[in-house]
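Please go over the structures that come below.
Consider the two complexes below, in which subunit A is the common component and subunit B and subunit C are the respective partners.
Up next is the complex of A and B:
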């Protein structure tokens, strides 16, 4: 098939599936509505695989192509308004990740969105329709060939996210979380939109190719020199959007609350795919960001800060899904750190591996939650490994990958980012990333040891911990395979590398190299380039891998000691450092601060405006209206209707006029 | 090309009035439905020339379609013509009018269930008269005729609010009437002054809105800074008077306070017409009367108008945040949304004009939808307190889904109509050549965040959350209610996904108007450049 047909099919198939669910759901076949979306996404996955094979081509460089699908707005505007798709290596990596993970998670949802008797939950068909719409929106976002279409996909995934967070809309917390997610994203989009305006103003087009070409040459639309301040402004405004969507500081507040949605949604949208849209966007605009040192620095700093900040919060939380949400924030921070130090391919690599192990962890958490009758607080259960073998084993694999245990997926990608940061001009960011890696290993295994090991403990009303059905466990196992092996697209068998076996340069780096070549050229090698340490000694090249493996093990062993061997220690530490503990437990009070600084004043200001409307403007109006009334009131006395009065007035008036005439003639 | 189709269109509702009055009262709603539907179908026949490539050939005023000129009054030297015709500015608004009026007629179906169920004949007769007034105003090309229809429209509205409205209907009706009348007086003064000024040039004088703009000598004399009116430059005084007349209708801050009161008191179908159509007349007035005739003054006032538009956007949205009355919230959101229209017009760029016109239409679809959605729930609950609702989606899933769609269209979600209008206006403002344009655009863009805030908060409180017991038994939207909502929902999606079809209907004329404005804009920019700006 042609590239264009495939590119159209990838988003359209899930959409058709979702639309058909709308029809079928009405006809009473709701219990089977998942087949439509599952088939749509499955075919879409086939198309995505096919597309990436074409993109990869034969031996030469990967294909880069812009495809005009149809003219969106024709009148009096430029070609940038067409629906254009851009297909290249970055697109196909993203498509494979998004559609592949979506497929597995939709499969899982078939088993998950049911009660214990296997009956579909309320709104079952709505759930699958929304998932179909989400896959459509996300693939549109990824395929977009201009900023307008990107923005469209961007907002549509936001809508899907809103609808799915609020899926249990009868729960007030879910309704509030949905609103919060949409609003915080809107704030980011406010900057993102302005950034797109500024791009249009500067380059007179929104088409990727044209814009990136001009940025690379350092010119504006009229051929004059592109100032650094201008490109920095553009980059920072675009980054606002990324901060909203990828939940980076200070716009991170919506993501933990978004866990009110069903667990598959948390796994798919709020861990594996949608939240990485910001990372994708920055990588897509790598030329723009690379042209602005200030923007790069800011991206790296915000990334590192978020990584550390979120990991510290995750240390103290008790909600299984929220721990994972903060972990997602932290890992997204890693990706931005990678982008900020110029290791674009490593960031995308991490995005790709993270999608596997984080989706896996969330789905395992869902499996636990299902078995525990909806309870998600890790203090209320324990020792589940015996009853739930598949879940426990897969959770372990995901946890090891997240913690950066050697040879698993997360290890390869995270290490590259840390390496790039350490060898950039901001090495202290690399140090922050290393500390965060230790924290990550600790909080991950804290929840694993509490949940799965030790004596069996079950929440009230749950008789025994039972494993979930086949629909749930098969995706878990598939994802576990991914979490274990996905990293090997970024590492090759090589006798000189890590442990004498591996080289940190793999097919994915070669594949993505063409996409990021312009950005690397703009950077001019100022930032550390990953994987090209030719000439350096073995130790200088690979020491970091040993350090980070050691940190991972240190974290895991500490967690084991704290929660298995000496359960008094964590409590003692919390007591000893009570203020710090409280600060972390309350998430640095960010929500409370926002409430006091932004939400309440804005509401109060709104009230003030309304009062001004009612009292000031209407008061003025009343005054104006009172003038004729007052005049009328004053004159009313004259119109009393008594003849004598009128006659008297006439006489007086006549006399006055005569007197006046007399005086005038005399003068 | 002479054609009497517009005259038929304008007076078909009047024929309907005859039937409504002659038939027994219980048939009034059916007759009205049939006539408004017939008017809608008739208006659809007007599509033909606008879909052809030559629709917009020639400069402003030469490409009127279905034009008809009949000498009407010719006494004492006054030449007043029955002059109607439509171009890309008025045509989409005529379609909008006939569509929304038809849907509102349908929305009036439950008339006998209203609390004030008196005189259906009177209600439906006035309803049809209102349509005649609106269509006449949009089609009129003679200023005198325009003024007459403007006044024709005022009276039925006054009675429809004042007789069939809510508890404070008299207050709201009189406020609406006095406000609009004050604007009309200013318009009347301008009307006479412009007639005599044109008589100074051509000898006979004219009321033609097209000639004012395109007759080279009249246009020159009107914009001549040496020509004074009561000691002030003629163009500026006229522009300001006309502008105030129209801005009351839009409404623009600070003349907006009649709107929330009128909406809250008006019955649902009348709110739909008020928000969907009547507000657009003010914006239409800017585009038809103020801008092409007084380009010099338009450039002079651009900054103030843009700031007024900005105030509308932000102030309206902030007021929305403070509302607990559902209908008042939608009314204030209208104020906020119409601010984008003024902003887009004020910056006088191609994209800005297109965005403003699109926003007029988009709001013409989304706001009647929102008002009807409020009406549906008001019919069941008999109150509109947002804080007393909750979880309505659970008991009324179809209504809940359509409501979400409607409010998201109003919020400006991409893929729905509100988005294109807003983003076009912002884009037009951002890229406008005025030194103040960028900051204004940035602040206006922040309005989008506020809009999302108040609408999502409202959705959360009304449709989401726990279902309250008193609403659990509410029936879902009926077939009639769904049928009324579906066309608006479909248009909201259609305009959002395929905006080009809508743009194609109007862009040609907007470009013509801009050509008329261009010399004045260029002159103003030369001044800016000369000042070293």
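Up next is the complex of A and C:
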């Protein structure tokens, strides 16, 4: 099949599935509606794989192609804006990740969105339709070949996210969380929109190829020199959007609350795919960011700050899904750190591995939540490993991958980012990332040891921990395989490499190299080069991998010691450092600060406007309306209802006018 | 006085119109009132023809008069239908029965 056909099919198939659910799902299919969306996304996955094979081509460079689907907006002479898809290595990596993970999670949802008797939950059809819409939106975002289409996809995924967070709209907390996500994203998107305006003003086009080409040559549309301040402004505005969508400091507040949505949604949208849209966007615009040292520094700093900040919060939380949400923030921070130090391919690599293990962890958490009758507080259950073998084992694999245990997916990609940061011009960011890696290992295994090990403890009303059905466990196992092995696209067999076995440069780096070559050229080469350390000695090349492995094990062993051997220690530490503990437990009071600084003043301002409207404007309107009313009151007596009376009045009036006309013409 | 003179025709029109007005104002029966409006109508129509004559004797006034006649026929159908409806409502044709439009 042609590339163009495939590129159209990938977003359209899930959309058609979703639309069909809307048409026939509600009437005929009901709790079998998932077949439509599952088939749509499945076929879309096949198309994505096919497309990637075409992109990869033979032995040479990957294909880079812009496909014009149709003329969207035409103005003046010729077309002003087309629906253009850009297909290259970055697109195909993103498509495989998004559609692949979506497929597994939709499969999981079939089992998850039911009660223990297999009856579908309320709104079952709606759920699958929304998931279909999400896959359509996200693939559109990824395939977009110009900034307006990117923005369209960007807003569409925001909409899907809003709809799915608020899926249980009867619950006030879910409705509030959906609203919060939407509003916080609006702030970021405002900046993003302005960035796109500025791109148009500067380059007179929104097409990726044309814009990136001009940035690379350092010129504006009229041929004059592109000033650094201009490109920095563009980059920072675009980054605003990325901060909102990817929940980076200080716009991170919506993501933990978004956990009010159903667990598959948290896994798919708020961990694996949608929140990585910001990372994708920055990587896509790598040339723009690379042209602005200030923007790169800011991206790296915000990334590292978010990574550390979120990891510290995750240490103290008790809500299984929220711990994972903070962990997602932290991992997204890593990706931005990677982008900021110029290791674009490593960031995308981490995005891809993270999608597997974080989706896996969320789905496992969902499986636990399902078995515990909706309870998600890790203080209320424990020792579940015996009853829930598949969930426990897969959670362990996901946890090890997240903690950066050697040879699992997360290890390869995280290590690359840390490496790039340490060898950049801001090595202290690499140090922050290393500390964060330790914290990550600790909080992950804190969660695992409390939930799955020790004496059996169940919440009230739950008799026994039971494993979920096949629809749930099969995706878990598939994702666990991914979490274990996904990293090997970024590593190659190399005797004498890490652990005597591996070289840290893999197919994915070569695959992505063409996409990021312009940005690397702008950065001046060498910067952020990962894996190829030239003629450096063994230890100079691989010391970091041993250090980070050691940190991961240290974190895991500490968690084991704290929560299995000496359960008094964490409490003692919490008491000893009570202020710090309270600060972390309350998430640095960010929500409270926002409440005081933004929410309440704005709400007061809103109240003021409301009162002004009610008293001043409404009063004015009442006054104006009172004039005809008063006149009417005065004249009402004249209306006596007799038809002949009215006719007489008319005749008299007519005569009067005629008389007046006669007198006038006579005079 | 030559009865085909425009001035004479206008007088006839004016008389017809006046009769219609008086009839409309003095009678209480809805059908008679309706007939009176038709009389007024004819008065105006004759006026139209007369003025067409006064402006040079071409057929414009008469042609226009024919159009007005057709419209008047349609309007008469509508008016009668309304009166039938009113009669069904109250069982009387007395205009006094519809005095509820009082302010």
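A few points about this structure:
Methods note: the second predicted complex is superposed on the first by the 602 of 667 C-alpha atoms of A that agree within 3 Å, B and C clash if a C-alpha of one lies under 4 Å from a C-alpha of the other, contacts with A are read in each partner's own complex, and residues count from 1 in each chain.
Heads up, the rule we're going with is that a contact is a pair of C-beta atoms (placed from the backbone, for glycine too) under 8 Å apart; a residue touches a chain by one contact, two chains touch by 3 or more.
In this text the structure is predicted, and so the values were computed from the model without any measurement.
Of the two partner chains placed by the overlay, only subunit B lies in contact with A:197; subunit C stays clear of it. Of the two partner chains placed around the shared chain by superposition, neither subunit B nor subunit C is touched by A:18.
In the overlay built on the shared chain, the residue A:433 is in contact with neither subunit B nor subunit C. Looking at the shared chain after the overlay, A:610 reaches subunit B, while subunit C stays out of its contact range.
Measured by the number of subunit A residues touched, the leading partner among subunit B and subunit C is B. Using the contact criterion defined above for the overlaid structures, shared-chain residue A:226 touches neither subunit B nor subunit C, since it reaches no partner. Of the two partner chains placed by the overlay, neither subunit B nor subunit C lies in contact with A:37. Of the two partner chains placed by the overlay, neither subunit B nor subunit C lies in contact with A:372. Subunit A residues in contact with subunit B (one complex) as well as with subunit C (other complex) do not exist.
Interface residues of subunit A, counted against subunit C in their complex, comprise 635-644, 647-648, 651.
The touching residues of subunit C, counted against subunit A in their complex, run 21, 24-26, 28, 33, 95-96, 98-103. For subunit A in complex with subunit B, the residues that touch the partner chain are 71-76, 151-152, 155-156, 159, 166, 169-172, 174-176, 178-179, 182-183, 186-187, 189-190, 193-194, 197-198, 200-201, 602-603, 605-607, 609-611, 613, 617-618, 621, 625. Interface of subunit B with subunit A (complex): residues 178, 254, 257, 260, 315, 318-323, 350, 354, 391, 393-394, 408, 413-415, 419, 423, 426-427, 430-431, 441-442, 445-446, 448-450, 452-453, 456-457, 459-460, 463-467, 498-500, 503-504, 507, 511.
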